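Note that the chains take the letters A, B, C and D in the order they are written out, and that residue 1 is the start of every chain.
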Amino acid sequence: MSKICSLAEAIQQFIHDGDTVFCAGFTHLIPFAAGHEIIRQGRKNLTLARATPDLIYDQMVAAGCAKKLVFSYIGNPGVGSLRIVREEMEAGRLEWEEYSHFGMISRLQAGAAGLPFMPMNQNAAPDLEKNNPNIRRVKDPYSGREVLTVPALHPDVGIIHVQRADKNGNAQVWGILGEQKEAAFASKDVIITAEEIVDEDVIRSDPNRTLIPGLIVKAVCHVPHCAHPSYTQGYYDRDNVFYLNWDKISENRDSVNSWLDEWVFGVKNAAEYWEKLGPETHARLAVKPRYAAPVNYGDY
Amino acid sequence: MSELTYTASELMCINAARLLRDGDVVFVGVGLPNLACNLARRTHAPSLQMIYEAGVIGARPNRLPLSIGDPTLVSGASSVCSMFDIFSLYLQRGNVDVGFLGGAQIDRFGNINATVIGDYHKPKVRLPGSGGSQEIAGWANRCYIMTPHQKRRFPEKCDFITSAGFLNGRAEREATGARGGGPLVIVTNLGILEPDENGELILTALHPGCTYDQVKENTGWAIRAAETVRTTEPVTDVELKILREELDPDGAYLKGS
Amino acid sequence: MSKICSLAEAIQQFIHDGDTVFCAGFTHLIPFAAGHEIIRQGRKNLTLARATPDLIYDQMVAAGCAKKLVFSYIGNPGVGSLRIVREEMEAGRLEWEEYSHFGMISRLQAGAAGLPFMPMNQNAAPDLEKNNPNIRRVKDPYSGREVLTVPALHPDVGIIHVQRADKNGNAQVWGILGEQKEAAFASKDVIITAEEIVDEDVIRSDPNRTLIPGLIVKAVCHVPHCAHPSYTQGYYDRDNVFYLNWDKISENRDSVNSWLDEWVFGVKNAAEYWEKLGPETHARLAVKPRYAAPVNYGDY
Amino acid sequence: MSELTYTASELMCINAARLLRDGDVVFVGVGLPNLACNLARRTHAPSLQMIYEAGVIGARPNRLPLSIGDPTLVSGASSVCSMFDIFSLYLQRGNVDVGFLGGAQIDRFGNINATVIGDYHKPKVRLPGSGGSQEIAGWANRCYIMTPHQKRRFPEKCDFITSAGFLNGRAEREATGARGGGPLVIVTNLGILEPDENGELILTALHPGCTYDQVKENTGWAIRAAETVRTTEPVTDVELKILREELDPDGAYLKGS
């Protein structure tokens, strides 16, 4: 049974005000188009969870979608500060819950594995543990020494961008894997956005490449260039110029609002957004092919 | 040689590169640590193995990555794994020899603050937070820090300990059971600080032309000096040439300061 | 620096009497040739750990290499009983330590992750927990309910068969993954046996396919057909006929000893063993190619 | 129709297939459960999703697999993952609707022994042990069992509980917090047993031509019957034909008994 629908339909159906949303992807495959669609549809009071909020959550916070942030690093990767998020936190207008990267990912792993918590070895750093009551301890029943724990995270919705998926939601990913798999299995509902919708036979020709199985997926959306200004390995490059520009745009709210008006509210969907970027940007982000060596599964 | 001119970043980067040993597995961040590792690989440590928190092992980037998740790190790498795996199977398991750390504050016992200036719940300045550094500081066998030598960056005590140095002394860190050795060397633009037997940072080397007085002026506590304070080997034109011509030709990280 | 050596050299150097050895592979990629080499070299008092001991440990137990078994299922997969192992256990001549599959794999996962233990949800089955003091409990610090724990397993040596590896030990696997990755990271020393030794560029063309990184590998051995009568996906089929035959061979010790004399002690190495199987068996196990769809990483 | 002849294995397999619902995610073993699932897929449950403990999801085998890790399960499958992932992300997470179980003994409360006859530490007969079944029994939403109806296979109490039914009663299982629903249906060659409100197995259906007396004779405790004992639908020639001609043409699993 096909799960294909438009991204607008998927957001409409699965994301509700007050939900905890996880837009997955570590630098790679960040589903910006989904974030923009959430902004366009005016969702409010979301809890936004991601290791690195990146520009996608900076934009969603700026647009007033978020009540709370769950994160482990609030920077503009490779550039500097995440200005909107930082300003809202400093002003006391945004709640937050903070972990280390490993704490954050361990929360997802526990959620994905159906465990109530994950243990982590002690790292000697005292202050995050002191300030986050969700970071606790249990005694290792073998040595008697204590290990740290973090509780399972179960987002209401996980949005996962991938290179290719079939209509059932079987999704294949290569390049940086980040926390895509863990976020998908941890979430109650999973929305897949894909650069390409391919025939089932393509997926079945390489089952080890399937990171997310259709059986946990609710919706599959065909969204080419979904990740811009992040990137999709093999499809287009990271738009480092935009990451640098955002540092300037986000210096004041007027320019942020103008940007949102023009690039989010001013376009209908990801296709229009990409079109609007224009041929020069398309050319700048284009990438020449470099193929993986063949792999023979055998015709058993 | 002594007439070569270089920036503070170049000086720190070159001195950090010299600390790396051939065969080391290094957990690399972007920016200066990335440049230091690549400089070491091109000089005395050709078998250095670089792994990135994004899950990339053995990267062979064709260009200077802006972010730690740049696609150039993936194409041609020897392995890519999930973040859960890189932090658990590599870092927590003890497969990482060296980690690089940085932060807004480094205190007398090598503790690092990358989280907040002021009160945690009512931040005066909200910094990026731990990212991967809490576990790198806890679990890498050796940690190195590069930072400009300024009083505000070297307070006696951090406002918030994001990543552990030696807490209030080496024994306190050891009591936590964290496997890693903690900060081994802090490279600044003035010289080199190392922990003493109690984990307190002391001056062990000065770069050519720098003085203990400069260090004292720019440190937030009464920093002691080792009995013998070395002078670091002068920067060589070979090192500068590799940095400037091969590794960062646009000066993205090395220009300025 | 190349880690390539012969299998005999690797076993000689890394496997010592009394070691805990993990020959990895769930049905797929079981390194039989390594087991046979251990028998030939006369190792004693080994603790043999595997989820399913399979014929490889039945043979090693028959040859007198083992003091103890750590396992979760002692059957001849798809056939029935594992006669030698069962007889030795019933006779009290073989120590054992027993888990469920998930318990066994969780022990490896804990070992691989550097954790002292892994939690598992309760499964309501009381008797294995009662009889194995290594299965313990901790209280989930969030709900207050108890979860089960198993302790980390750290084999002295893990032997991992793979489709292809480079000289540094970077190893790629497809088909059933079993516990190959976890066993490798959990072990103190890792020996890779590979169907093919390939140029580094082959590995680097598809980094997501690399299951085991060279940096944890001590020795790389080129051993084509290492897995027979198990199989290597894409290279040769499982020898189901042998699995059925072993059920008869293992009915009495004389026929087992004759088999060991002929097929283990009577050959020098895996190449001679394969040659001795003869062209009919080679033809029976041959497999026609079926290739994975191409994957483009992009030339960044 | 009533003149069709079939083996006990065929009868059980067909009745088990009928229990499966379209869309179910089934944790499949080789042998009869594999045949039952494939029969259901070819009849009333085309969207059945089969996953194997070896880490294979959505297999499309071109031949009957001898072992649970047969390469034919991999070529053309929709996904392959590690064993750790299949047990944690699928089974423990609650993504498995149906599990099939089997063992040497099944007792009054549906508990299963696949470990040992006699004392655990001095086994009279050492059986294979849990494999995946301890967690399947604990965590699958529903469990089905197929087994020949013999007194020695249905003792009042198992020598060893490898996989949990309802322990000494439904409340005891529930108190453990295990997420799965436990054994829902036991299909034998005589009929169908189901747990009552206390988790005790009672006779709820007989196959055509079988009697309650036969069931009592072949059960190790005084088995009760439901108020109304159904008669199962007769085996059809369509079902037999699919089994015999398509799924197990060599009779590897269906021949004999």
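Worth pointing out:
Basically, a residue touches a chain if its C-beta (ideal position, glycine included) is under 8 Å from a C-beta of that chain, and two chains touch if they have at least 3 such contacts.
Keep in mind it's a predicted model, so treat the numbers as computed, not measured.
When the interfaces A-D and A-B are ranked by C-beta pairs in contact, the top one is A-B. Centre-to-centre, using mean CA coordinates, chain B is 40 Å away from chain C.
Averaging Cα coordinates per chain places chain A and chain B 29 Å apart. Rounded to a whole number, the gap between the C-alpha centres of chain A and chain C is 36 angstrom. For chain A, the set of residues touching two or more other chains reads 114-115, 120-121, 145, 174-175, 177, 181, 205, 208, 233, 237, 287, 290, 297-300.
Of all residues in chain D, those that touch two or more other chains are 56, 70-71, 74-75, 80, 88, 92, 139, 179. Pairs of chains that satisfy the touch definition comprise A-B, A-C, A-D, B-C, C-D. Contact residues on chain D toward chain A in their complex (touch as defined above): 25, 47, 49, 56-58, 60, 62-63, 70-72, 74-80, 88-89, 92-95, 139, 179.
Considering their complex, residues 114-121, 136-143, 145, 147, 149, 151, 174-175, 177, 198, 202, 205-206, 208-209, 233-235, 237, 287-300 of chain A touch chain C. Chain D makes touch with chain C in their complex at residues 30, 53-56, 65-71, 73-75, 80-84, 87-88, 91-92, 115, 120-126, 128-135, 137-139, 160-164, 167, 173, 176-179, 182. Against chain B, the residues of chain A that register as touching in their complex are 26-28, 51-52, 71-75, 77-79, 81-82, 86, 89-90, 92, 98-103, 105-106, 108-109, 120-128, 131, 145-146, 174-182, 231, 233, 237-238, 240, 243, 287, 290. Across the complex, chain C meets chain B through its residues 1, 112-115, 166, 168, 170, 181, 185, 200, 203-205, 207-208, 210, 213-216, 297-300.
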